[in-house]
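Presented sequentially are two complexes of chain A, the first with chain B as partner and the second with chain C.
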Partner chain A sequence: MSWTAEAGAVFAKELRTEWRTRVALSAVGLFALASLTLIALSFRGAPLTSFRSDADRALQLLTREAVAGSLLWVLIFFTAATGLGRTFVQEAERGTALALRLSARATTVWTGKYAANTLLLLVLTLIAAPILLAILEVRPANAGLLVCVLLIGAVGLAAVMTFTAALVAQASAKSGLLAALSFPLLVPLFLAGVNGTKAALGFGNEAGRWTPALADLQVLGSYAVIAVTASLLLFDFVWND
Partner chain B sequence: MATVAKYLLGMWIAATVVLAYRWLPPAEGFAVPEAAPIVALHLPLALVAIIAAVVAAAQGVRYLTGRNLASDARSKNAAALAALFCLLTTVTGSAFARVQWGGYWNWDPKQTCIAILLAVYAAYFVLRAGVDDPEKRAAVSGVYIVFAGILTPMLGYVVPKYLAKFSLHPTNTQFDSRYWTVILFATLGFTGLYVWMQNLANRFDVAGLVLQQRLAEAEEAPAPRLVTMATAASGADTEATAWTTR
Partner chain C sequence: MDTSRQAFLTLENLGKSYGVRRVLRGVSLAVGPGEVVSVTGRNGSGKSTLLKLIAGLLRPSQGEVSLQIGANAKPLDAAGRRQAVGYAAPDLALYDELTGRENLLFFARVRGRRLPDAERRLADVGLAGRGNDLVRAYSSGMRQRLRLAFALLADPPVLLLDEPSLALDEAGVALVAQTVARHKAARGVTLLATNDAGEAALGDRALVLDG
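And now, the complex of A and B:
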């Protein structure tokens, strides 16, 4: 089997097993729903623009756009940490890791699972982001830029998450470990992602131009390339152990 | 020889501290010039932390290619020492930041980077604690430290870009040449201290590995025979039992 066909087969297998149980999808969906509800409850209760006193006016420096940008990435990070860890853990739990190890090369296993995870994360982001923005009543100044930032960000995020998930699957205490392991590595991605999202939502960029966020897109892009390359190089050492 | 080297190292570091606080003049251009000599200790500590971090990643690569548990032990010890020296850098830096910038923590780019580095080492040791099988643990933690070694250098470019446009850390301080002498002294002293601690921890771990191997070999060998020796002199009811291993 050629490399691409093998990776495609792993990808299809991932989607099929996920569709049969829908564990990751429902866990992630419920998590996103819970956080969106919490955000809605707190922000609908006290709209940010209704602050009157001087002390509260200082808070207005953190305008809706900035809050929306950071909340969106908090939501994406924890959604990813809840859902994307499943891929390797389920192989370990069902005892199917050995069969997969025999029938596919390490790089194709990683690529297939990475593609499935990216798809899952993208679908969730594209559903959750408009709901979050609607709750916060923020209208993006440049929707195309927002989609680009989220797309490239999700590609890099899914790479680091898929790779650390393979490490976590070897550990005995798995819950919570994925977030702890991946967060310090993801800080560069979050800084660029939050900055780019704020620009796309119109924070200091009311006209919705592309130029303020070009550097962010570069950082996100190079981070994604480095993360994918490093994962492909190192995955063999965790997988075929 | 080793004992002499240890005493020399102790004297060297003591001399460095004395030099830093008795010989160095107050540095111009700082808020409290008299407090500046701590820089001569802070800078070398940061340098040694970087050396230890590079050793940790390099020994991680060495484990993954050679599969020798001793390399994993070296990588682990280097990571622990890197965390220790990061912590010492943070403490000396914070103390100076208090007098220089008015607060222990100012979210300066370098402070942010070191906080994230400490988080990486914390995650590394949490991961190690989570895996029971020694070889699996070595592979997983080796891969993590190499992966972190590839991704974290980006922080140096990304953090100054987003969190503070310019660092509070000085880049153009005109230090008296005596400062550079003490910084060189301290760098040599702390590097020696690091090498000594690393060597000590490595030897301890390697001894543990050898012991485990010996125990495993002894278990594989035929079971020890229980030899009972009835000692005629003290009567039939007193039996001395002895374990012999072949």
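And now, the complex of A and C:
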């Protein structure tokens, strides 16, 4: 069987089992909902229109654009840590990992699971980001740039999370380990992601130009390529040893 | 079985330790086409570990496993061994949230087998009528039959069965005996890890592990 067909079969299996159990979907959805509700409560009673002068409103908007850039990535990171970690832990705990190891190549297992995790993360991001921005009353200066930053960032984030989840599945104390292990690896992605998001929202870039974010997009793209390549090269050692 | 797919299995001074605990040491064995070996020994003597080492699911602490498919072929590495063996064990589980049929179809797909192979195996183990039920709804005996179907899915030249009659009814026990006999007739290599005297009697010879 071809490599892509094998990875495709793993991907389809991941979607089917997730659709039937909704374990990751529920975890991710509930975490995102709780976070967004708390943020909404915090900003309740302080709409932009409540600031009297234009200068106050402009300052408030600038602050919110900066905060939104970070909050969005905090939300994405912890939601991913809540939901994506289950993928390998479940296989190890239930004993299905043995059947999978006997049947599929390590790289196709990783790729199939990675593709499913990326899809989940993208769906979450595309739903949560507009809600968060609506709560903060921030309108992106360049929606296309924002989508690009989030999309490329999610691709790199899912790669690191999927690989780290496989490492965590081998450990006896799994609770909280995924976030602790993956965060240091993700710092470069977050730096570029937050900067790129702020630029897309108009922070220091009122005209919403692409130029101020090009370096960040390059970092995000390179990070995603490195994360995927390194995971593919190293996964066999994690999965089979 | 096609002679180019006949298996030659050799274990040389094989050992496995988990930390300071030595589970297996100095196991040597040579098994050729059409042979059935019963692996027996008290609980904790390393029967399951031995089968996992042969399947390439564990890395030996000492010695080596050599599996050749075809008399003049090169020995397979651990990844190759995983593809060449059919393995069923109590700690191997299939997906609860998929049906029996979906499980076999998935593993058939990733192993590059034709889909009718999965249907055939389901019928072979007596689950054709329950193939559309979720595995979560299966009894422990039905799960064991499904494990057997999984092990046989790719027509493996080497069959590794760890306590294959566990939780099976009389018909299921007969099915295991029939499966072993069929595999032997097809010149396949079979290793059976068991503490059941009846099951051990299916072997042409026995390897007794003293732990």
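The criterion applied here is as follows: the second predicted complex is superposed on the first by the 223 of 241 C-alpha atoms of A that agree within 3 Å, B and C clash if a C-alpha of one lies under 4 Å from a C-alpha of the other, contacts with A are read in each partner's own complex, and residues count from 1 in each chain.
The rule is short, and it goes like this: contacts are C-beta pairs under 8 Å (C-beta built on N, C-alpha and C of every residue); 3 or more make two chains touch, one makes a residue touch a chain.
As the structure is a prediction and not an experimental result, all values here were calculated from the model.
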* **Partner, of chain C and chain B, that touches more residues belonging to chain A** => B
* Asked: Just chain B (first), just chain C (second), both, or neither: which does A:5 touch?
  -> second
* Asked: Can A:150 be said to touch chain B (first), chain C (second), both, or neither?
  -> neither
* Between chain B (first) and chain C (second), which, if any, makes contact with A:135: first, second, both or neither? -> neither
* Once the structures are superposed on A, label A:167 by its partner contacts, choosing first (chain B), second (chain C), both or neither. => first
* To do: May I ask you to decide whether A:104 touches chain B, chain C, both, or neither, giving the answer as first, second, both or neither?
  => second
* Asked: Which residues would you name on chain A as touching chain B in one complex and chain C in the other?
  -> 241
* **In the complex, chain C residues that touch chain A** => 55-57, 59, 78-79, 82-83, 85, 87, 89, 91-98, 102, 106-107, 109-112, 150
* Asked: How about chain A: which of its residues touch chain B in the complex?
  -> 160, 163-164, 167-168, 170-174, 177, 180-181, 183-185, 187-188, 191-192, 195, 215, 219, 222-223, 226-227, 230-231, 234, 237-238, 241
* Asked: Where on chain A does chain C make contact in their complex?
  -> 1, 5-6, 9-10, 12-13, 16-17, 20-21, 94-96, 98-99, 101-105, 108, 236, 240-241
* **In the complex with chain A, residue positions of chain B that touch it** => 64, 116-117, 119-120, 122-123, 126-127, 130-132, 135-136, 139-140, 142-144, 146-148, 150-152, 154-155, 157-159, 161-163
